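Chains: A, B, C and D, in written order; residue numbering restarts at 1 for each.
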Amino acid sequence: MTVSAASTVTVRVLLFASYAEAAGQTSLTLTLPAPATVASAIRALRAQSARARLPERPLCAVNLAHARLDTPISTGDEIAILPPLAGG
Amino acid sequence: MTVSAASTVTVRVLLFASYAEAAGQTSLTLTLPAPATVASAIRALRAQSARARLPERPLCAVNLAHARLDTPISTGDEIAILPPLAGG
Amino acid sequence: MAFLTEQPLDLTPLVARVMSPERGGVACFLGVVRDHHDGRSVTRLEYSAYDAMAEAECERVVAEAEAKWDVRVALEHRTGRLEIGEVAVVIAAAAPHRDAAFMACRFVIEQVKRRVPIWKREYFLDGTSAWVAPRTAPQAVDRSAEAAPDAPTPEPASHTDWGV
Amino acid sequence: MAFLTEQPLDLTPLVARVMSPERGGVACFLGVVRDHHDGRSVTRLEYSAYDAMAEAECERVVAEAEAKWDVRVALEHRTGRLEIGEVAVVIAAAAPHRDAAFMACRFVIEQVKRRVPIWKREYFLDGTSAWVAPRTAPQAVDRSAEAAPDAPTPEPASHTDWGV
């Protein structure tokens, strides 16, 4: 995904497991002011869905890879908010 | 096997793999002056079978357990001289 | 190659995939569904995954192991409903030397637990169920407010009501 | 329970023997016949054992592992003729925690190599064969001539022609 020169960034946000249950949804679309980061997507998510009980610094992924909260995001990116992992 | 009060000790000695091939035999019976140890059995073996090319301090077992060269041996014991192990 | 499957796992084909006459040692690991968790009797589990990322992350973990050691690795993780005693994850690592096989196998299970986006819901004997929340869950890193990126400082404790 | 067999080894029944719902982790090891040794092409192997002692020693190794860790261990070693790529030894160690499973599995293969009286004859591509002699073979201990049994002194080098 190329970095957009537009004034907004539109991304898809995925929720899983306990976060999806709490929010009552597994995905939503967010439009954020540019430039945007994972952290600004999380702030917008909290504002939009008060039921999503996210921790202060949830584990996150961008486009299928783990990402930091300060990772920049662009229109078309897939952001995932990941509850504590329990595989293995 | 109880410790014999007799003046000699008679034991069975087993040879394996390269030692058996070099000696041309896989087992023999040795009668040693009492008290006897694994080391004295090995000395007698060398005297009796010059073809058994044993190292200075071969790995040994008495009655199916690893033994030291100074382990005492008694009539009826099974002594084994073990070439370098290669299992696993 | 799919790393996730809803079918029962079988170690044998994974071992066959990595074993070869140049690799004298194969180390394997199986993770088994336990009947207890935190003192409560568990009757069954439900594993769910962020499928696309879990596949990508498994592939990265295997690639990292194969880059770190002279080793070939096979990995499968089951999802969906699992009964007590069933196998949730299987790993096989084959190497010319057993040291590398053991280290790679251990590395892969630790990384899978730490990085692959899979969650499990436990169903208890008393009819309730809950998502498993490991006590030492990793947190996201945010270095945007830090002076030196190589010396991260812990963030102040949360004052919001969003905490876990 | 026999630890030695002339039949092809199969990991699956060993895993089944140790796995249980209280033991969440199973670590396994397979030793595979390699096609090379010291740069020479090997075509097949012949394993021979001091059967009675090998059985007793395997039993002791397993008992020691089960005493050191909260673990159940299964072990089998093949003897007789083996082809390249066949499995010579299999180990499965199941424990409530994977740390113990890995440590016990590793302990068992190391102890088997060090202590179980098994020998192998390698058959080479050029038609010759030889007993495998590991470079770091343990020697018998002889403390009869030592002053302090806890501080063994190396024996003087051999002056006989019996040396290896």
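In the analysis below, a contact is a pair of C-beta atoms (placed from the backbone, for glycine too) under 8 Å apart; a residue touches a chain by one contact, two chains touch by 3 or more.
None of the values given here were measured: they were computed from a predicted structure.
I need the common contact partners of chain A and chain C, sorted by label.
Chains touching both chain A and chain C: none.
Can you compute the centre-to-centre distance for chain B and chain C, using the mean CA position of each chain? Integer Å is fine.
Measuring from centre to centre gives 52 Å for this pair.
How far is the middle of chain C from the middle of chain D, if each middle is the mean of its Cα atoms, in Å?
Their C-alpha centroids are separated by 30 Å.
Could you grab the centroid distance between chain B and chain D? Build each centroid from C-alpha atoms only and quote it in angstrom.
Going by mean C-alpha positions, chain B sits 23 Å from chain D.
Name the residues of chain B that each touch 2 or more other chains.
Residue numbers touching two or more other chains: none in chain B.
At which residue positions does chain D touch at least two other chains?
In chain D, residues 31, 109 touch at least two other chains, as defined above.
Got a list of which chains touch which?
Every touching chain pair, ordered by label, is A-C, B-D, C-D.
Inside the complex, what are the residues of chain D that reach chain B?
31, 47-50, 52-54, 56-57, 77, 88-89, 109, 112-121, 131-134, 137-144, 155, 158, 160, 162-164
Going by the contact rule at the top, pick out the chain C residues touching chain D in the complex.
Against chain D, the touching part of chain C is residues 11-12, 15, 19-36, 84-85, 94, 96, 98, 101-102, 105-106, 109.
Report the residues of chain B in contact with chain D in the complex, numbered from low to high.
Going through chain B, the ones touching chain D are 14, 16-18, 21, 37-39, 46, 53-61, 64-70, 80, 82-88.
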